[in-house]
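After this come two complexes, each holding chain A, first together with chain B and then together with chain C.
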Partner chain A sequence: MDTNDQYGGRRRIPGRARLVMAACAAALTLTAGLATPLDPAPRQAAAADDGKKVLTVAVAQSVDSLSPFLAVRLLSTSIHRLTYEYLTNYDPEDNRVIPGLATEWKSSPDKLTWTYTIRSDSRWSDGEQATAEDAAWTFNTMMTDEGAATANGSFVANFEKVTAPSPTELVIRLKKPQATMTALDVPIVPRHVWEKVGDYSKFNNDKEFPVVGNGPFVLTGYKADSYVRLKANKDFWRGAPKFDELVFRYYKDQDAAVSALRKGEVSFVAGSPSLTPAQAASLRTEKNIRVNDAPGRRFYALATNPGARAKNGERMGDGHPSLLDRRVRHALFMAVDRKTIIDKVFQGHAVEGAGYIPPRFSQYFWKPSAEQELAYDPAGAARLLDRAGYRKNGDGERVGEDGKPLTYRILCHATDPNDKAIGQYLQEWWGDLGIGVTLDCLDNVTDPWLAGEYDLAFDGWSVNPDPDFVLSIHTCAALPATPKDTGATDNFICDEKYDELYARQLAEYDPEKRAGIVKQLQSRLYDLGYMNVMAYPNAVEAYRTDQIESITTMPAKAGNIYGQDGYWSWWSAVPADSGDTGGGPSSTGVVAGIVGGAVVLAGLGAFVAMRRRATAEDRE
Partner chain B sequence: MTTENTGVRKTAGDDTAAAGKPPSVRPRALAWQRRRASAARFWRTYRTHRAGVFGLAVLTLFALPALAAPLLTGSDAADVTDAPGAPLESPSAEFPFGTDRFGRNLLALVIRGARVSLLVGLLAAVLSVAIGTLIGVTAGHFRGWYATVMMRITDWFLVMPTLVLAIALATVMSRSLLTVVVAIGVTTWPTTARLVRAQTLAVETRPYIERARALGGGHWHVMTRHVLPNVMPLVLAQTTLIISSAILAEATLAFLGLGDPTVVSWGGLLQDAREAGAVSAGHWGYLVPPGIAIAVVALAFTLCGRTVESVLNPRLGVSR
Partner chain C sequence: MTADAASAPVEGTGAAGPAKDGPAARGPRVRTATAYPRYVAGKVAGAAVSLLAVLVTGFFLFRLIPGDPVKFMTGGRQVSAEQLAAYRREFGLDLPLWRQFTDYCGKALTGDLGTSYQFSAPVIDKITEALPNTLLLTGTAFVLYTALGILLGTRAAWRHGRLGDRLGTGLALTLYSLPSFWLGLLLIITLSVGIGPLPGLFPTGGMESGGEEGLAYVLDVAHHLVLPVVTLVAVEYGQTLLVTRSALLDEMGSDYLTTARAKGLRDDLVRRRHAVPNALLPTVTLIFINLGRTVAGVILVETVFSWPGLGGLFYQALSVPDLPLVQGLFLVFAAAVILMNTLADLLYPLFDPRVGR
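Let's look at the complex of A and B:
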């Protein structure tokens, strides 16, 4: 009967295919286990064939846009730092504001008019002079064109008028005093090139190369998720970079990037995301590789949904109502053992969380006093919950007045291992309190986040030397206009007292006084309990010392290299003499791995062969 | 037809016969006797297949510790808060495979992971085969437009890339074990449906089906009493074979980060290892044991499935 033949005939192939698959799976697992590369001689990424010194950096983050008006991601904004000058820059030593395109600046007695002197020794890469006119045009475009205000619109929101009375003089008239006038992180673009662009909300600046700029590097090539190539600008006013070319090459898998570093295919592995503790530990033992483990500029927090709403007062999302009770928020955070998170999850590559701004920015760093601090105290947390009316029932679950057990959803990034790891701790810590936890690990957290459809969420921001931006995202003004809009808000916090303090710090020109207000702001934020900072993760990155002789960290003492506020690292990097390639990584592991893999493969092969012999009789 | 001498169908026939007679113990006892005899015959034939016995032994080796996991590893082996070791310790006497990123004992986790991997594999295979059998038997029995529609749907699922569909399903649904079971179950059934339909068509042409119809047997009676027992051997073999691909699929989904991150499974361990950077750091104890376990268990199920198949389907094997 042919149906049976069909049945009998088609079983054979999948069966064998499965055997092969199983063998392959075993072999793959084994080779994957071989950490050390099979190519013992490191290829030189630093020296290309024609003698050009190339610095290759392994990165993972995609470019959102190469237009300075649109880009917000770390990699894209870093590229803009390298290709365009900003009015001011930050000193790599101590984050002090230093001249950039502007050589000096002053404000009028009424604090509303700022006058900048623009340097006359900065030229665009097409030979034209960079002038105050370019800066005025850049700001005016952002003020008049909504598309151009996408990325940095907040800087110019308070501008009344920007003019350029002469090529070296830029005048900005403000509506209200603004403390961030010496920290305008806006790339200045050449007017004669950008005037011709039609729609700023669509133009991504990635079609015609080289892109005209006046930074230490010129953008010469880009392929999405493949590479970004930059050429040194030999005429840069501060001095030419030592490397001839800078290439950001994509490695979507961190382990692959680490292997490439070991082989010498890349000179630097970006700490974004940070190298894992295991990777850092194994790289530390390698010759010719230096691991840079520096205090980061990020905070890592647990954000609580404060009952999301829009500016028009409409409620949105479905945050848990019990979280509106401050005692509950405090109790939750008191049950989080921050020390364990540092020791176990970050394995020491982080600093325990306190205030909102990382300790690296010592001027603004704030720490709760002993009586204000929500220290780790599970028993106290339980008492607080009892007082708030959430008592344990017979099954050990906390129930509210409606009789429903407390269960919170935590929004976590599926791509972030730390989120998932800490989520598991929270599940157990809060489980002991009698609170249920569901981890919602998603690839796309943006949609539920913007819709307010979460109870708690893992949150984190990179903080700039001027903290205005990270503070502004918790003001009522940052809320979306209607539930359908997208606001600049981080997690829908809106507190009158906070807003008042925020406005005061923005108008305060005295750095000391302003820092004092910023500390009060952080204290207020801490007491509210909507943003619970758990840790300040370190920037853990690594580079080959046989390719990069020296490189500037920022701040100079214990600072990061990738993603600085400035172009210091890549501009200052000195190529190493490529004579000393050094010995490759130890080859014993490789040999042992190959032998082990071969033995298993041979075993499987023999087994398959035997099996085939056995079935040969069966088949007939 | 050869399948008639597998005890199963005879038994079904006996039961039907017994229903009409006055109550008597004898036919039932006879049925049990036959079942025992056929089971013994099955085992005798099975035993002659070396690969099948090997597969069974391997499965026992994995299933026993998995079943006894709470006794062997303690009920808190998967707890992160009171993990016994430091994170990512190297293998030692206390931790034969070392520890994971939380400091948990990896040997205990691999044993625990077996529970999830085997459970998901079994449930997904059962779901897949159940859907496939339902569609296969009804499509083979009813023919006409119903069969045409059902088979086109089957074809559609057959040409869809299984993994992509499963990933899409697992992404849109919330992350839990059930999601993974459903994602695998609803994407792997078409082959079973095709096989079962073919067998149903073959069975339904036999004269005794016509006799049953003539005696007034309805659709339900014919499908459950005559067709189903006859396709059962095929279904059984198919289940065993699908388990291995279901285990691989579960591991793949978990490795791609689509599983429940709070549940310990083999694929999940591989994913954890990758995220912790264990590959480049050379922590083989984190990677190799779950990897080998996945490969070996999938292999063992395949070996068993092929043996069951060749024992039950005399066209393939040596059963006489």
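Let's look at the complex of A and C:
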């Protein structure tokens, strides 16, 4: 071959052979994968080869941080629920407060001192005893270190002093009464591990595994945007989980996650925030897959601008003045056909809206009485508008006293298909009333929202078992200090009567009485007409029944699985006996391996043959 | 991407163009021994200026994104006014814009890209964590689609107009115009889940099963790599094929090829040793552009296959907006493109001695 110096002396590989080589390289890359893992699928799914029962959950969210002082995302806080105990927990039956790290608690007559009894049967995974001292240290660190207050600082904002007089006694002294003291969703961390951390604002708790904890699972591995791995804590005081391992695998694309469920690579798909109606429908027909269409914890509302103001009284934004008339707000909502929205937009995966708090939280759920209810009644809405002075002109447009036709801007999330679909219905329904509607669908609605530059807006919040937070965002105290500031307010609502009720519920320590006040609050909010709840979207999720035999939903009767307030679902999940994902993946691997090997061999053979022929040609 | 495809060949010949008729157009030029070093110095200086421009625009560009990072990070949960203030202090957002800018520039020049808002981790750590994953995916795909594109492109041009060319070019065009996420999903449904008698052969997503070590880990990653690479190669090779094909077609009628044939050279050798080297310049340009792009990752393919790469990280950073992370990634992406373009500029003289003379 070297003899062809006429054309340059360097040895060259004939073109066709190069093509074959490239093909071989490609084939090798491809078949390497094919040929290797002889058990591709079942490893993550149910019974792995070493007999371990592994529960794999497909999640779409990235972990923001694994430090309980920094994490705020649902996935991360769910992992903390699984790996650390909180003082209290919520009953999966009905969301009522039940013991966690604390076995019981009591408040002083002046309502300012809370004493918790800490259980003595909870051990950290490194063998140390979990004590009241750990809890006191956790709260004190959050109170004194700004970095440690990043995620949960609001829980300790009203704390004056936290002490641990004995290993089983925790005492919290408050500045003013606070009814949410049994809903402190703060992971208690082991002091002996965490006091060595330097800067809490930078420490992400994701370098050394296993992470010392005392929850039902121990965090044993994490790789960003790939997986989070946990193993069962066999010594957990409430009893060991039934699965040996729990893996959260990251699927950015929901269709891919659904495919993984179909194949059996994962046991559970949560959806973010929910499976689409199409995905749910296609999974329903699948064998061994159960779709859990559970009442959600969100409400989906139509918010109206109440004439936004800052705390200093300065006006903000440009909300339509006609919306200051309660009759107009009520008329608008009366022309919204909630049933059509449930049937057509949510395709049945939602419940018709009533009060502010979803029915899932039965303790606090409220719905309007028959005479109070703003039922769907377009004719009544038209009459109400007439009475308010907005009558139809010759062109069928409603005009006010200034002679200008009514036109409203609705702020909508461009990323939410429901917003857009409902917006189109509103254009139609309100159009019939003679009201014009412009949909402002934006990728980022925060800027106009915070500036109060909207007439109406699609709004929604996830509600916690303790409703204090979602109620607090409609108080006058939540308004921004000046128009330049950002407040905690949701929709600039500021109502004296509401504020008075809000303060009363926060100081009411009797759960029944407090629930009563919370219901009055919702009634007031309903009458004001600034927050009109249209629906409670369901949480639609799915799991494989050949991998998970049973799992606890929350609430027990009809509830969701992913993102519960507590560790109930994964702690209670019972592996199915079969464990096999069907389709015999291990034999698949063998077949694939043989095929792959054959392709590589054939490629090599062809390569050698062509090389020889080419060499012969070159010699001519 | 389409814009790249269109501009690539033009840019390639553009670089060579002025040089070809440079002497005639600008009057006689004396060749000196310093010509190439001066050419190199000019290109490197140009790259440095571009990089500085990127540094500055990156800062201001992303501050135009609507949305307040603090509001995004604290949305949907209870935060006190003190916490909000602490966030702003922590992120440096309470400082005047010019102070933020000088801080950012000063730090960037010393290699400190700041701390990500949402991950509370150094930006450089987040980037170095995801960069190898992206390079593995896009690099493997790059090698394969470039090789495939050049090989098939030269063959298509050499036998242009024949059935093979028409089929091959048609197929390449068809695949080139497919949305990559759609093709990816299709591959997942057929090859990953399995369809009919075909069993599921590949994982549905991710880069690893987790927990493997050593050789088993390498093979596991290779197994996960197959479908995303196939998707990328299928969608990308057409571009190289078309550029190579058209460049070679331009050379096909040249006299020197007739001469080469007249010498009695085999057709294969005429193509390989005479035609292809002369037609390679546009392809080289394209290769370097693609090489620069490999760093930026491929958001859609990374998303469909849940690949933990830079593309996905960039998307997450933009949605906050996580300013330090966005700026850091922007800088890295731009630097890669600038570096590769400069490298291409420096290499042109080797392919075409007329360049840089």
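Operating definition for what follows: the second predicted complex is superposed on the first by the 441 of 620 C-alpha atoms of A that agree within 3 Å, B and C clash if a C-alpha of one lies under 4 Å from a C-alpha of the other, contacts with A are read in each partner's own complex, and residues count from 1 in each chain.
By our rule, a residue touches a chain if its C-beta (ideal position, glycine included) is under 8 Å from a C-beta of that chain, and two chains touch if they have at least 3 such contacts.
The structure displayed is predicted, hence computed values, not measured ones.
In the overlay built on the shared chain, the residue A:513 is in contact with neither chain B nor chain C.
Annotation for chain A, partner touching more residues between chain B and chain C: C.
By the touch criterion defined above, A:202 lies against chain C but remains apart from chain B after alignment on the C-alpha atoms of chain A. Once chain A of one complex is fitted onto chain A of the other, the partner contacts of A:404 are absent, as it touches neither chain B nor chain C.
By the touch criterion defined above, A:447 reaches chain C but does not reach chain B.
Once chain A of one complex is fitted onto chain A of the other, the partner contacts of A:427 are limited to chain B, with no touch recorded for chain C. Contacts of A:439 after superposition on the shared chain: chain B is touched, whereas chain C is not.
Looking at the shared chain after the overlay, A:387 reaches neither chain B nor chain C. When both complexes are overlaid on chain A, the residue A:224 reaches chain C alone and has no touch with chain B. In the superposed model, A:176 makes contact with neither chain B nor chain C. Chain A residues 7-8, 14-15, 18-19, 22, 25-26, 29-30, 32-34, 36, 253, 255, 259, 262, 443, 617 lie at the interface with chain B in one structure and with chain C in the other.
By the touch rule above, chain A contacts chain B in their complex via residues 1, 3-8, 11, 14-15, 18-19, 21-23, 25-26, 28-30, 32-36, 253-255, 258-259, 262, 275-279, 281-282, 340, 344-345, 347, 414-415, 417, 420-421, 423-425, 427-429, 439-441, 443, 589, 611, 614-615, 617-618. The part of chain C that touches chain A in the complex is made up of residues 65-68, 70-84, 86-87, 90, 115, 118-121, 126, 129-130, 140, 144, 147-148, 151, 181, 185, 188-189, 192-194, 199-211, 216, 219-220, 222-226, 229-230, 233, 265-266, 268-269, 271-273, 302-306, 308, 312-313, 316. By the touch rule above, chain A contacts chain C in their complex via residues 7-8, 12, 14-15, 18-19, 22, 25-26, 29-30, 32-34, 36-37, 40-41, 43-44, 62, 64-65, 67, 70, 72, 146-147, 149-150, 153-155, 157, 201-202, 204, 221, 223-227, 229, 247, 249-253, 255-257, 259-260, 262-263, 265, 442-444, 446-447, 450, 461-462, 468-469, 472, 486, 488, 583-585, 588, 591-592, 617, 620. By the touch rule above, chain B contacts chain A in their complex via residues 49-51, 79-81, 83, 87-88, 101-103, 171, 174-175, 195, 198-199, 201-202, 234, 241, 244-245, 248, 257, 260-262, 272, 274-284, 287-288, 291-292, 294-296, 298-299, 302-303, 306, 309-310, 313, 315-318.
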